[in-house]
Amino acid sequence: MIKVGIIGSTGYAGQELVRLLLSHKEAEIVWYGSQSYIGKRYYEVFGNMFEIVTDFCKGEKIEELTEKAEVIFTATPQGFCSSVLSEKILSRTKVIDLSADFRIKDAKVYESWYHLEHKSKELIKEAVYGLCEVNRNQIKNARLVANPGCYPTCSFLTIYPLAKEGLIDMNSIIIDAKSGASGAGRGAKVANLYCEVNENIKAYGVTTHRHTPEIEEQLTIASGVTTKINFTPHLVPMNRGILITAYANLKQTGITEDKIRKMYKDYYEKEPFIRVLDASKTPETRWVEGSNMVDINIAVDERTNRVVMMGAMDNLVKGAAGQAVQNMNLMFGIKETEGLLMAPLFP
Amino acid sequence: MIKVGIIGSTGYAGQELVRLLLSHKEAEIVWYGSQSYIGKRYYEVFGNMFEIVTDFCKGEKIEELTEKAEVIFTATPQGFCSSVLSEKILSRTKVIDLSADFRIKDAKVYESWYHLEHKSKELIKEAVYGLCEVNRNQIKNARLVANPGCYPTCSFLTIYPLAKEGLIDMNSIIIDAKSGASGAGRGAKVANLYCEVNENIKAYGVTTHRHTPEIEEQLTIASGVTTKINFTPHLVPMNRGILITAYANLKQTGITEDKIRKMYKDYYEKEPFIRVLDASKTPETRWVEGSNMVDINIAVDERTNRVVMMGAMDNLVKGAAGQAVQNMNLMFGIKETEGLLMAPLFP
Amino acid sequence: MIKVGIIGSTGYAGQELVRLLLSHKEAEIVWYGSQSYIGKRYYEVFGNMFEIVTDFCKGEKIEELTEKAEVIFTATPQGFCSSVLSEKILSRTKVIDLSADFRIKDAKVYESWYHLEHKSKELIKEAVYGLCEVNRNQIKNARLVANPGCYPTCSFLTIYPLAKEGLIDMNSIIIDAKSGASGAGRGAKVANLYCEVNENIKAYGVTTHRHTPEIEEQLTIASGVTTKINFTPHLVPMNRGILITAYANLKQTGITEDKIRKMYKDYYEKEPFIRVLDASKTPETRWVEGSNMVDINIAVDERTNRVVMMGAMDNLVKGAAGQAVQNMNLMFGIKETEGLLMAPLFP
Amino acid sequence: MIKVGIIGSTGYAGQELVRLLLSHKEAEIVWYGSQSYIGKRYYEVFGNMFEIVTDFCKGEKIEELTEKAEVIFTATPQGFCSSVLSEKILSRTKVIDLSADFRIKDAKVYESWYHLEHKSKELIKEAVYGLCEVNRNQIKNARLVANPGCYPTCSFLTIYPLAKEGLIDMNSIIIDAKSGASGAGRGAKVANLYCEVNENIKAYGVTTHRHTPEIEEQLTIASGVTTKINFTPHLVPMNRGILITAYANLKQTGITEDKIRKMYKDYYEKEPFIRVLDASKTPETRWVEGSNMVDINIAVDERTNRVVMMGAMDNLVKGAAGQAVQNMNLMFGIKETEGLLMAPLFP
């Protein structure tokens, strides 16, 4: 059994990690870290865990944790992981960081979008961007994995085949994203109250959202073309789910929708968590809820010669905790799908 | 592997059965029955099952099914199962009926509340009421199990210890129940449209709901006192979940809340799916979603000498498909919890 | 034009007062009080008021306010109004208090349920309980009106005719109440976050909710019988609306449902804001949203000789701001319905 | 009082017309048309209207209606109005058609997108496109007004100033639209059930939605440039509201966001129902609910030289019934804002 420590286990992503790891056959949680709830039983914070998890929440003493855990998940605010991580820690335990700290290779880009000084620049290079479908082999050997952001995961997987094949104008990409409210975290803010989110939709972080450079970096790597995108996230009144609707100009005319869909199916044929839908079906967040699936489809608008790329995913699973477990599985050489094969929950 | 046939697999309860059985280690589904979608792939009806279930929907030919399945689940409208069931079928396969047809022992009571003629009266006696926590031993040997209704399951388990111990006036019981919209089924009716259910709460079936006699029969058996209740269900704008708030007069004064809670904890100590909460916690449907759990607590109002009994459950799991699987496990002598130990999904 | 000052204008009830008064033909708001947002434009707090209300939020200087306003609404936490009110203020302006401070005649009862010392006990006697349908004449002459609580308003109006006529056992009354999330206020608490309230229903304040003694006092006055009730509120995932489902034993047998409904229709025949529904219809919060209406109906369960009394109302309108405006209209001798005749908003 | 007949009064848009006209000081409804509910009281179809509207629903006899009404609203499926309308009818009464029948000037375009034969081609030319902010003068003299579609209204008003000024590349426009479920109508379909819409977001009608040519035609007229757009609508789990997020390439570099916002404010300065927000605020549907307002803002992404244009509106008010009333006001020479000045309802 892999001994797992979680720092930040009382946020929504942390709790989802707990849920997933509880049914994982080769892992056990040995540390429920939470700065806010030290000394409370975990089930007092999340009632679903009553009689299931009886452990107490402990603080975020990462050094102590390296003696108990073989892998540490940090599901913490930006800046935490990079401020505590060190070569010493990595020499003892593997780390999967669910924050943005090690996702962006250029520390200056990180600092300018996150308005934070990066405290472990020397470790950035080593960190592997944990998008399993793309970096599977590097992940297997990594000590430090930067678990991708929710929007970047869904955006990238939705656009990847067309970007990789060079079929779209990379600087025409517009990503219009929609997320459920769990993406905003469990902090007590007026803007996240039930009556403020319910019966409403709004864009936020327009032109300034911090997932923008992460998506751009990955698309640049995939396509070989320096890419700048427009990225606009929206808050949707639902608990879970991300839907990406991305637009790009096709470089040539005459590429049919069927051909592109076939290409997507080929690209993702062996991927256990990616489903390329059939013609006329559009991805819907309800069909992936609670699962590690990403549903993808494309449509070609012949009138404008643009392709519409759509992807749906559960932001807490493939967009956070599920992908983190998938990374752990790869890093420990066990079956990549272990603990992640539950069917989506509907309705 | 137990070969399972499902008649009515394309309703919400049927689909939940599919979801649960997919992760059951000792069962496999061999027949996806659906009168409405014959010839369609199952995943065309429920997109979550894309690339997971590739079978076609077949009709409801129960005779043919007895040759293929060791157990048949009927998740069908009232009157269906009783109109097709026979000794011959039962001699070949076990049947777990999720409808109300075999729940009530007195056919006249059934007929007067359901406004239907019962077509298999001779089989009623044999049918075992599939409330596992109460009838575990009979279920193990049953050929025909009447899977309890959603409201009755939650109502009964919430009231049971006090009824059994004779501590409450059985004819003072008032059950105020609240259910999510999946309880109304997947039929296309104006009353169930999003805009009609959303931002609304209403009572329905006041004094006439068909689960009333089922609850009364079970409470009468448990207490030994002929019981008449008031039962008022309400429709709540959420997908899943039932909450029961039940009220009764305590026969004596001076029984403390702590003492009753202790009694509940003792009653349900060994039950894998019942959680009696600690003082000051109230059951909430969010904490049981997607799981087979029932959360229960009580409060005593010393001013009125009444006890308030509360229970929360997922109507599609413990209230339908989960309990059906639990019954199957008992009937086939496998671990009662097989396929049912997933932690609740939150948020 | 009546000059109106609002203290606590940036809570949900305060904002609803603003909305209603904006379309009131004989009132104008001269003071937008808000401790939390002093110096902000009102529309910065509530975006719906952009280009409609351009005033700044001011502090809660009630003395200064008496020079500018003819009536002051206090939509503030419990304890505020009673700590600032004085004979001097009342000699200058009328006050309508939306908090609980002056609702309960016995200060000891107030203090024991609210865990607060009452700072203006000498004014309690003068305060008129502002339930317009019952105390219309006293309200007309009042200087200080205690605007009823949301649950008490709906509970009382739903039970009143049967209580007044002496047809029910007053000590058998059980009130099971359900409210939308705006009733919990706009404070930033984890428990009120979207993901915590959505897809959930729970009871809260079981046996201890502070509206209990207020309901009991009014029912006692109406019936002439000292009344103790069970009152259990529930939080429902919707923005607005309260539904009351109340139960009581009929003192006699043989009183038909039709006869009781007829009595209700007679009682409320001239009331502009109370609608007694026809047989077989149940009150639903969606049908009263945004309006000052209370929808009521009853059902008799002949099997148990109990009556089920149901009422639906918008908690922010008739349960708070609408009733406050109705009180103001009465106090200033203008048409009682002024500003309150908009049809409910659906869907 | 203007005598008003409504054909299709029992859909969501029809009912909203009723709600708005009830508080209109110079109009009265004389005919509640509804093919589905002939002979029923209007309040039996919409319980909010109990004791408010006591009329019976009548059929859709448009000829008879011309004798009773001075203006007829047709809130009917596509193809109805064009199949019954005639010169004779228009010579007697004004008609405001809420369907798409007379919105598109080229009948062939209409027929190819709507897959319907147009039965009154001779009347298309006369019809005025009822976007009040743009065609105010023609509307004043019109006999037949084609009330704009919900998506086109919000899309056009959001893009109009930039299109009119020639500052954006008209063939780079991408419109990503989001709508609440009332936009899907009140028909009983599985896809519109509560459990199917709740906790979900999806795109639909990708590249094929019928509002596309309507938007293109209006943008072409405004800009003088033949315009083809990408238009992708999404279904959001909420009752009301449309949010438009539109993207376009700026033709020049160096135009600041502030300058464009200033231009929008100038364009719409005198418009009573358009609010151009201040910097850093994004339109949200909650701030316009129940009102005739359109909230608009823009953001410039200097990195990509694109402008993001955002607009929020209540689809049933400014997107249907409210705009229809606004058109009626113009056609009858009364105050344009009559019946439409209520503040938005929040929460």
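Residue numbering begins at 1 within each chain, and the chains themselves are lettered A, B, C and D in the order written.
Here, a residue touches a chain if its C-beta (ideal position, glycine included) is under 8 Å from a C-beta of that chain, and two chains touch if they have at least 3 such contacts.
Just so it is clear, the model here is predicted, and its values are computed rather than measured.
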Same or different contact residues where chain D meets its copy chain C, judged by the half mark: same
Result of counting contacting C-beta pairs for A-D and B-D, higher pair: A-D
Whole-Å separation of chain centres (CA-atom averages), chain C against chain D: 37
Chain centre separation in whole Å, for chain D relative to chain B (CA means): 46
Centre distance in Å when chain A and chain D are each reduced to the mean of their C-alpha atoms: 38
Overlap residues in chain B, where contacts from two or more other chains coincide: 12, 182, 195-196, 198-199, 237-240, 284, 286, 289, 347
Complex interface listing, chain A residues touching chain D: 171, 174, 176, 178, 180, 195-196, 198-204, 206-207, 228-230, 232, 234, 236-241, 243, 245, 247, 282-286, 289, 299-301, 303-304, 306, 308, 310, 312, 347
Residues of chain D that touch chain C when the two form their complex: 12, 15, 18-19, 22-23, 46-52, 182, 199, 239-240, 275, 277, 281, 284, 286-291, 295, 341-347
Residues of chain A defined as touching chain C within the complex: 12, 181-182, 186, 188-190, 192-199, 237-239
